[in-house]
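Chain lettering (A, B, C, D, E and F) follows the sequence in which the chains are written, and residue indices restart at 1 in each chain.
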Amino acid sequence: MSAQSINDLLFEAATLLMVGMGFVFVFLTILIAAVNLLKAFCERFPGQEPQAPTRASSKAARPAQANEDKNIVAAITAAVHAHRQANR
Amino acid sequence: MEQLAILWDSTALAHFELGQVIMMAVGALLLYLAIVRGFEPLLLFPIGFGAILTNIPLAGFTDPGGLLYYIYEVGIHSGVFPLLIFMGVGAMTDFGALIANPKMLLLGAAAQFGIFATLFGAIALNFIPGFDFTLKDASAIAIIGGADGPTAIFLASRLSPDLLGAIAVAAYSYMALVPIIQPPIMKALTTPEERKIEMAQLRHVSKKEKTLFPLGVLLLTILFLPSATPLVGMFCFGNLMKECGVVDRLSKTAQNELINIVTIFLGLAVGSKLSADKFLTVETLGILGLGAVAFGIGTAAGVLMAKLMSRLTGGSINPLIGAAGVSAVPMAARVVNKVGLEANQHNFLLMHAMGPNVAGVLGSAVAAGVLLALVG
Amino acid sequence: MEQLAILWDSTALAHFELGQVIMMAVGALLLYLAIVRGFEPLLLFPIGFGAILTNIPLAGFTDPGGLLYYIYEVGIHSGVFPLLIFMGVGAMTDFGALIANPKMLLLGAAAQFGIFATLFGAIALNFIPGFDFTLKDASAIAIIGGADGPTAIFLASRLSPDLLGAIAVAAYSYMALVPIIQPPIMKALTTPEERKIEMAQLRHVSKKEKTLFPLGVLLLTILFLPSATPLVGMFCFGNLMKECGVVDRLSKTAQNELINIVTIFLGLAVGSKLSADKFLTVETLGILGLGAVAFGIGTAAGVLMAKLMSRLTGGSINPLIGAAGVSAVPMAARVVNKVGLEANQHNFLLMHAMGPNVAGVLGSAVAAGVLLALVG
Amino acid sequence: MSAQSINDLLFEAATLLMVGMGFVFVFLTILIAAVNLLKAFCERFPGQEPQAPTRASSKAARPAQANEDKNIVAAITAAVHAHRQANR
Amino acid sequence: MEQLAILWDSTALAHFELGQVIMMAVGALLLYLAIVRGFEPLLLFPIGFGAILTNIPLAGFTDPGGLLYYIYEVGIHSGVFPLLIFMGVGAMTDFGALIANPKMLLLGAAAQFGIFATLFGAIALNFIPGFDFTLKDASAIAIIGGADGPTAIFLASRLSPDLLGAIAVAAYSYMALVPIIQPPIMKALTTPEERKIEMAQLRHVSKKEKTLFPLGVLLLTILFLPSATPLVGMFCFGNLMKECGVVDRLSKTAQNELINIVTIFLGLAVGSKLSADKFLTVETLGILGLGAVAFGIGTAAGVLMAKLMSRLTGGSINPLIGAAGVSAVPMAARVVNKVGLEANQHNFLLMHAMGPNVAGVLGSAVAAGVLLALVG
Amino acid sequence: MSAQSINDLLFEAATLLMVGMGFVFVFLTILIAAVNLLKAFCERFPGQEPQAPTRASSKAARPAQANEDKNIVAAITAAVHAHRQANR
């Protein structure tokens, strides 16, 4: 590759560097604003939340159960395994 | 005994080429790193094994009709596998810490400097004889600095499939090396006092905010960067599945069986790109070098940005958390926590570092979209 | 800064068409219905998200090489996904209530009147300028009255792929609306006395009967309606897997991970058919209208048939259970139970309604087979 | 579309309506007969059932192990408890 | 009522051919064997059901565009499904018993005599008019003697796809019949005294040995028999996943959901090869006969080899365990245990038989590689 | 097929029989040697095992929860016992 064409590429790369970083910053800054709007919105209209919380709490309950379930399943698995071993 | 002659001719012994032997050693090295050193085993294990299979003479794994040929064409040439992985990762990601403190997005932005600076560096490497990177190649290499595996594989499959193997291996290797690469840079750029800063506890984030967040991210991506919507869209799809709470059975499958199945195949298919003719080149050395640089620059940029923000906010931010902006979830956040604890035994930065950490995932997906739009 | 111009040109802002904006709003509406209203979320969620992704300008999700293009071609154009869903549904269905009281099959037959009457109505719509339904289109639309998602998607993919999006959305939306559509019709066609009728408890059904039942259904379908064997065959395959008791690990996978994976992809692929040019037509309005009519007629026909059977059997059958004949498992059976309880606090019709409910699934699969044989 | 061709289509649709509903009723009526035959068959030849019941009962026994039997529940509770203790 | 005529013409009744009826009966027989007799139900169940579906007139399951057509082409024509099954089986196999007593590999070698002797027999059958087996056909048939389903399907799909249905059915049927076929041969070739021999307890095998073992097997296969690396490679991949301990989530998915999904499809696809024109031939009778001979010879060769080793080692080896060398894991090992217990109530051979049993899997994969190299 | 060509095939089959069995035996014999080498290697270099053991032991710890802990074993024994009682 000729030095000339590399220099051209380097110039393009430098432009990409500036445009790219600029765009990333602008984009994520807009996203910051969006999240702040989102927070304001959710504080202003928690009216629909009664539905969400019930779902949320029932969900929160589920993982908790799930953990317990996992322990229980583990225990049962072990028991069944031991039982099968014993049966062979 | 003509049969014996045929049988001998059909052993590999008569057909091994040096490149294949070396590549099988590379595959074995990846297996070693995965199994013994615990380096990103979920990916490096199948990649290493795939590399070994690919380089077996006469076995034809990557010839049309071979197993790895099919897996690569169906899953990576099409771009489907990295997107499904991204969906699963989305379904495993909790944006709570980021929503509670959205300024952290700036750290996720700053750390992408590693990507774009590396792009420049890759082009500059062309001055060295033997290197011949196009802008597409350079972009695909630079994305290693995003510290995000599926993003790197997706972008490489679009821009520079021949380099995919080296890029994926570099990306996952450096992600595994984060605990070694980052701490010296973090310490060099911060004072002990800064490292001791404790941060205020994060506010509670409601389910509603978490549910609306992926939709907001998707909306902005649609408006400003459609070329990033395959990555960001599938990520937000997975995240919304998780947060909305009405499709739990789909979300659980996406986070477990589906992502596991795709991971096995993705790894093997990436490994199938580790053939001697594509990997044993000076370009691979360049890629490995550039990848290390990219991680370093990204880390430094994140820490410096955090330092700036710390100054501007009167010291309420610990600059260490900037290092988590490269993504490498959750390894980078854990490293931040560890370095923070070394400076101050009561300084638990893990949750605070999760914000920039997931912001880094979004940041590198956005950077990938910019590269696709401008270079692809 | 030419790059900036390219970047601006590559934002969606410069390329949005009104139709795409409207279709993204439709996608958002489906997400709202799924998440907030709980309408058939397992399908409407991915369909809605798929609709949003499909309509992003420049993103190319449905262009050859795009993610949704591949998923649609592999899964729906081929007809494979709805059949796998049907296999999984078969593995989740318990025919015990139907075997105990096989007369309920007549209710599953009567409710299919909604399908064939709608077929007639769809053709009649052609008198209105702007409508131009062929017999194939009309048949694909009419199957909405079968109140069964995979059957509707399968038939639409065979007879009228361009209408598939609208048909699938209508089918799942009305299935979610069953608690609103059905009760007024049920009450209008029955007297309070009829609604109070309690039914005799169902006999025990042996494992052997349950195991032989899907084989019997398959045999009859093979003999009399081979065109229905893809649907009925996969359904019976799933059901036999479940009942035979010797392949539990396959049956469990079919009911869980496999059906979940396919559901995610099926939903996204259906969503990919919600593009502006195919959905924003007067025909879609016609389809939505006809769908509502189909559900109403099907419900009415089921109830009237049950009323007739009630008279003929001296009042041992509660006419409400006829409404479950449309299928929409298990929603319609639950609605029957609820309306029954309103009339008589001790009247638990759930198990009795499960008979016509699963009969409705068979009935609409048979109707789909008839349409494939005569129109396809 | 001309009114004539729509009328032709309507005639076809009407035929489909009759033939289709007729077929659906005939088919499901035959299925009723088949289910009744099935019942009669299973009542007449329960001789092969000894095998099926054992399978069925062993299957039914599986949930029973975990849910219904008091001894098992007690044992599992103990196992889970011990497991938690061990994990702390 | 022209429609009625069309409908009648579209029933199967007007189109059944005798061959199809017979093949559906064969499918029903396989279902019976799977469900009531418990013969290898995980495979014979979907194979039997697939056979029924395949032979439905007018249904077009195996025509281009039909469900079974797609599944066969994607999964078996490509060779992908048997290799994925082999990966899953690898992830379920414990080589501990074999590593503890590597001499058992000789038994796994000896039992492959069943394969090569049958190859000779299949060619000899050509003297009977009506038989016309090429060397490829004969090799595909002979692999039945390997007593390993995925190996047989893989080799048949490479060498003789038209015979695949009969070969797979024979392989799985005889594997299910192992408890009937083997004991008489085992008893005929051993003395009661020999059957009573108790064997020394196996030494403990470290995790490290188990982890390095699949790598060693792979290395030898690469060096000496690359044509066997698809089978052996995927098997070792699965086994290493299991033993290395760092990719447990992948290993569990490979052993459960993934292998279940593939098993369902593999079975249906094999069933799709049970069409009248390919199965109802004198060749199928020949295949069934040769398969029985192959199992018998393999068992005998294994027992005789064990007998020889018993003599040479001064009676420390019970010759019965040679029968397990045919593979058919774990059925053959259980049969050995049972016959051993009959001779001596304190003689538990199960663990000792697991060594030759898994050695037999490797042995038949090696034999398949030899046949691919020399005949394929 | 002519008797001549069958004879040719038979000859090929016989060669395959010998070459194939020979190769299988040679290959698996080499594998025996390899396993013995493996054993020697693992006995000679257990030095790298400290790492493996930690992993192994942390892995082993998982079954250990179920298998080794006396409380758990007791509980499982009880469970299996109860299960058998229930099944009789």
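The definition used in the following text is that contacts are C-beta pairs under 8 Å (C-beta built on N, C-alpha and C of every residue); 3 or more make two chains touch, one makes a residue touch a chain.
These are the chains along with the protein names UniProt gives them: A, D, F = Probable oxaloacetate decarboxylase gamma chain; B, C, E = Oxaloacetate decarboxylase beta chain.
Fair warning: this is a prediction, and the values are worked out from it, not measured in the lab.
Greatest centre-to-centre distance from chain A is found for E, with centres as Cα means.
The chain with its C-alpha centre at the largest distance from the centre of chain D is B.
Chain F has its Cα centroid 41 Å from the Cα centroid of chain D.
Computed centre separation for the pair chain A/chain C is 32 angstrom, with centres defined by C-alpha atoms. Those residues of chain F in touch with two or more other chains are numbered 16, 19, 23, 48, 52, 55, 65-66, 72, 75-76, 79, 83.
The residues of chain B that reach two or more other chains are 3, 7, 38, 211, 224-225, 245-246, 257, 370, 374, listed in rising order. Considering their complex, residues 1, 3-4, 7, 36 of chain E touch chain D.
Chain contact summary for the complex, chain D toward chain C: residues 1, 3, 6, 9-10, 12-14, 16-17, 19-21, 23-25, 27-32, 34-36, 38-39, 41-42, 46, 48-49, 52-53, 55-56, 59.
Chain C makes touch with chain E in their complex at residues 78-80, 83, 211, 215, 218, 222-227, 229-230, 233-234, 237, 240-241, 244-247, 249-250, 252-254, 257-258, 370, 373-374.
On the chain F side of its complex with chain B, the touching residues are 15-16, 19, 23, 48, 51-52, 55.
Chain B makes touch with chain A in their complex at residues 98-99, 102-103, 105-106, 108-110, 112-113, 115-117, 119-120, 122-124, 126-127, 132, 135, 138-139, 206-209, 211-213, 216-217, 220, 224-225, 245-246, 248, 359, 362-363, 366-367, 370-371, 374-375.
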